[in-house]
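So that you can tell them apart, the chains are marked A, B, C and D in the order they are listed, and the count of residues begins at 1 in each.
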Amino acid sequence: MALIKPGTGWDLVLLLIMVAASYYYIRKATRGEKLPDLRRIPAVDAIYEGVGRSIELNKPVHFAMGASGGQLYTTLVSMTLAGLAFLRYVAKLCARLGARLIVHMPYQAESIPLIEGVVREAYREEGKLEEFRREDLRYHGYGSLTWSQAIAASFAREGVGLNLEVGIFYSDCPISLEMAKIQGGMNIGGTGRWIMVYAFAMMCDYCFLGEEIYAGAAKVSDNPLMVSGIIVEEVGKFFTLILIAICLILAALGVNIETLLSF
Amino acid sequence: MNFWDALGAFVGSFFIISVLSMLWKDNPVFKFGQQAIIGATIAQYVLFNMKNLLNMAIIPISQGKWTYIIPVFLGLLMYTRLSPSYSWLSRYPVSVLVGVGVGVMVPGLLRGQVIGQVQKTIVDITSATTTYDLINAIIILIGVVTAITFFLFTKEHTGVLGVSARIGRIFLMFSLGANWAGEEVWYLTQMIGRLRFIVEKLIKGVILGAA
Amino acid sequence: MSSTIWDKLGNIDYRILYALSLILMLIPIIRPIGLPTPVSETVRGFYETIDNLPPGSVVFVSLEGSLSLLDEQEAQYIATLKILFQRDLKVVFYSVTEDGELIYNYLFSVVNPEKYGKKYGIDYVRLGYAPLEERGQAAVALDVRSVYPRDFYGTPLDEIPMMKDIHNWKDVDLLIYYYTSCTNVEFAIRQWVIPYHTKCIVGTLGCCGPMAVPYFPDYIQGILSGSGAGAELEVISGNPGPGAMMNDAKNFGILGLLLFLILGNVSYLGKRFGGESE
Amino acid sequence: MSFVRRELPTAILALCGILLILEFFIPSPILQAIKSELTTWSVIIAATSCWLGFIYMAYAQLRMLGRNPTTSQYFWFSLPFIFFLLFFIVGVSFPGDVSSPQYRWLITYIYQQVGATVYAVMFFTLSSAAYRTFKVASIEAIALLLGGTIYMLRQIPLFVYICPWLLPLGEWILLVPNAAGGRGAVICAALGALAVGLRTLAGREVTLVEVR
């Protein structure tokens, strides 16, 4: 019997490289050594500005992870976690600066404990636990249709200063983002699902293009351990580029790439 | 047309108009539809999940599959979030869920979205039979490589990397535009379908049909 | 501060755009116009594949559909059903989604087989619903009865005259494969076309079409994508249906947006190059 | 106490994740059985927690009513509950439950119409967004504009009739530049997600660790 399943060899190589890189950089980060600098992501800086704007206008800050942004046990869990990192950041900012935060929760009820935990903890860390309001964690029912309507209604009735949407988005963001825009809100957001990124690119004042949400999540966490994750990603990207180059050379030499990459 | 179909035409049209009126401004008709549908969809969500729970846990447990008591118990722990002093208990079910999530996510990403994509990009070139195919495959390769360089975070986008990242950005924009167009026309069809419902079922079917 | 004409062109109230589009769409729905519909290669392939079948051929129709996406495929279904019933073919319908059976119910109420002189059990059979993923399609190809021992109405397949000689892929002359999840086209290709060289034509959503195009015409002989393809099929087969009206409404509905795109760019260019002239 | 509150859940998370990843690589019936058991567990856990949404919705509605207890507020307050009961009671009281014709009627004429209309509304919101952003302002914006309009017109029969070359050009945009950009973005997003996954398994994901 083979030790590993056929066709998974290269996957294992990539995984091991990423694991090794994670180990190396997490250790480096815990020791407090200096990690490489990251380029700026304008959308991250804009969140602070947006919260300030909301206070000036005396309008609430809205946060959403998508109608189905609470997926914990599916292949999209990474985006849920990235969304939660942004939620933690914006909740802390709101608590510190005194803005009202309204969270539009996804329909997956199993994610609610995590969402409330993150918001409550953010308020606690800022020493403003008494300002945490559970009724501002809104649940809008099942599916993107009711969610889109409810979020649009909330913008119209309660106003919107900053609308931050990071997480898993299907056909729900085109309505919520445009409605925030029409109500005079400032939009910041992004998703890892490439097929929906166009809506963010077109409707947001600042947007995270695809995987920038992960980098952004690490940046807003203000934690060297999270930042080390981006460096790990970079290792993966360089590996991919090198793999493409090597495959091209081998292909030119007549090696069958299809069989090579499916060992 | 029987009574229920006619009533359906009215109810359906009312809800269609209720949603469309959101584009004009917030109004009582929209608010009615929006509040009602929240209740309706929560009922649907609960029904759907209770059915799952019955089929996947309660019936198997009654047939002697005792291990399923554990996930039911873990699921109940989720409700401890409502009490501040016991809320930490909800970390257990969340941990199982996220653990399973990461466990199914990582393998899927490796094969389908990294190695598989690299493989496709290279094989497109090696398997091209005409010059046209070959040129296209090379354009795709350039697009993939430059798009990856656009996403590099540890290097400032200047010099060669700057040019490459710019080209990558242009490819990404093409992709965003095409995605927009696909969805736009698809939603247009949906809009036409709704107008057809009102015109054919309500106006032609009920109002004119009854007259 | 007075705003120039360019500013005004760039800041028209969106609600005017919305209203304009709505009115434009309504015109052809109330009064169909019949704008020309060009027939594309992939739709021609779809039609000709059915048209070229010898009389008595067996056609399997696999339907993965969802009621909320019906607008996009309704015209395809109706036109295909009409073509199938107008010819001397034996058709087996099955669905892989729960909504599929509801769609069949609706379709058979619109395209009544009796009107075409077709009898249940002799000219066509409904097998019902089974949640077939890729493995399910493979099982149907190997042995229909392993997945559908009985038909939709609960009759064992062996008691149905038409099904007596239909057992597996050897007895299937054509597979018509409808799907709504873009990558599922590969199920049909991997489980029917590559192993058994079954002829296969597919119907799908507009957004999925381009992903099926690379398989045409080597693996699949025809593609219908979106309601537009349904209209084309109506034209080529000479059966008018809902597709033509959908097409007219699409042609009209997009005009408002195009006008606004032009206005937006005129405003931009005007501000940039002729900003001073008020 | 800290161990039960913090380390143990993190260890459970890592264990579940690593077992499932191992299952992908190692051919073993035991791992396969564990995987299918764990995935079933997840669905059961999620299904058990389904009432949480209802509780939060009810809580928010109650608080809103408490702040402004007028007659009209009572009406708006009760509306979601009335429809909840309507759907719930119809959904459980007829033979066939949610497959009964009565429940299907509710779904067809309310749920589905609202769903499809929400999709339809997006045609309008995307149109106004395009009006705002599709400007010939920079090379990137032109790429967005070209990719968008050409592929849009390719799907409109009238324009294909007037300019037949829109068909191959639209297809080309979709299959070449769109595929290229999309593929690069997908690869990078996957690597980002991988990094998040590994960090989570290592118990270093801040949002998960901090929640009490």
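Brief remarks on what is shown
To be clear about the criterion, contacts are C-beta pairs under 8 Å (C-beta built on N, C-alpha and C of every residue); 3 or more make two chains touch, one makes a residue touch a chain.
Treat the numbers as computed from the prediction; the structure is a model and nothing was measured.
The leading chain pair by number of C-beta pairs in contact is B-D.
The central chain here, found by comparing per-chain C-alpha centres with the mean of all protein C-alpha atoms, is B. Annotation: 4 Å between the Cα-based centres of chain B and chain D.
Computed from the mean C-alpha positions, the centre of chain C lies at a distance of 25 Å from the centre of chain D.
Chain A and chain B, compared by their mean Cα positions, are separated by 16 Å. Centre-to-centre spacing of chain A and chain C amounts to 36 Å, using the average Cα coordinate of each chain.
Annotation for chain D: residues touching 2 or more other chains are 21, 24-25, 39, 42-43, 45-46, 49-54, 57, 108, 114-116, 118-119, 121-128, 130, 132, 144, 149, 152, 155-156, 174-175, 182, 185-189, 191, 193-194, 197-198, 200, 208, 211-212.
Shared contact sites, meaning residues of chain C that touch two or more other chains, fall at 14, 18, 71, 206, 226, 250, 253-254, 257. In chain B, the residues touching two or more other chains are 19, 22-23, 31, 33, 37-42, 44-45, 48, 78, 81, 87, 93-94, 97-98, 100-102, 104-107, 109-110, 114, 118, 121, 141, 144-145, 148, 151, 172-173, 175-177, 179-180, 182-186, 188, 190-191, 193. Chain pairs that touch, as defined above: A-B, A-D, B-C, B-D, C-D.
Residues 12, 14, 17-18, 21, 35-38, 40, 67-68, 71, 102, 206, 210, 213-214, 226, 228, 231-232, 247, 250-251, 253-254, 256-257, 260-261, 263-265, 268-269 of chain C are the ones touching chain D in the complex. Listed in rising order, the residues of chain A touching chain B in the complex are 7-8, 10-11, 14-15, 36-39, 41, 71-78, 80-81, 107, 109-110, 112-114, 116-117, 120, 139-143, 145-146, 149-150, 152-153, 156-157, 171, 174, 179, 194-199, 201-202, 209-212, 215, 230-231, 233-234, 236-237, 240-241, 243-244, 247-248, 251, 256-258, 261-262. By the touch criterion given at the top, residues 5, 9-10, 12-21, 23-25, 35, 37-55, 57, 76, 79-88, 91-92, 97-98, 105-111, 113-114, 116-127, 130, 139-141, 143-152, 154-156, 172-191, 193-194, 197-198, 200-201, 208, 211-212 of chain D touch chain B in their complex. Interface of chain B with chain A (complex): residues 19, 22, 25-26, 30-31, 33-34, 37-42, 44-45, 48, 78, 80-81, 84, 87, 90, 93-94, 97-98, 100-102, 104-111, 114-115, 118-119, 121-123, 125-126, 141, 144-145, 148-149, 151-157, 172-173, 175-177, 179-180, 183.
If you check the complex, the residues on chain B that touch chain D are 4, 7-9, 11-13, 15-16, 18-20, 22-23, 31-33, 35-53, 56-57, 67-68, 70-72, 74-76, 78-79, 81-82, 87-88, 91-107, 109-110, 113-114, 117-118, 120-121, 136, 139-148, 150-151, 166, 168-188, 190-191, 193-194, 197.
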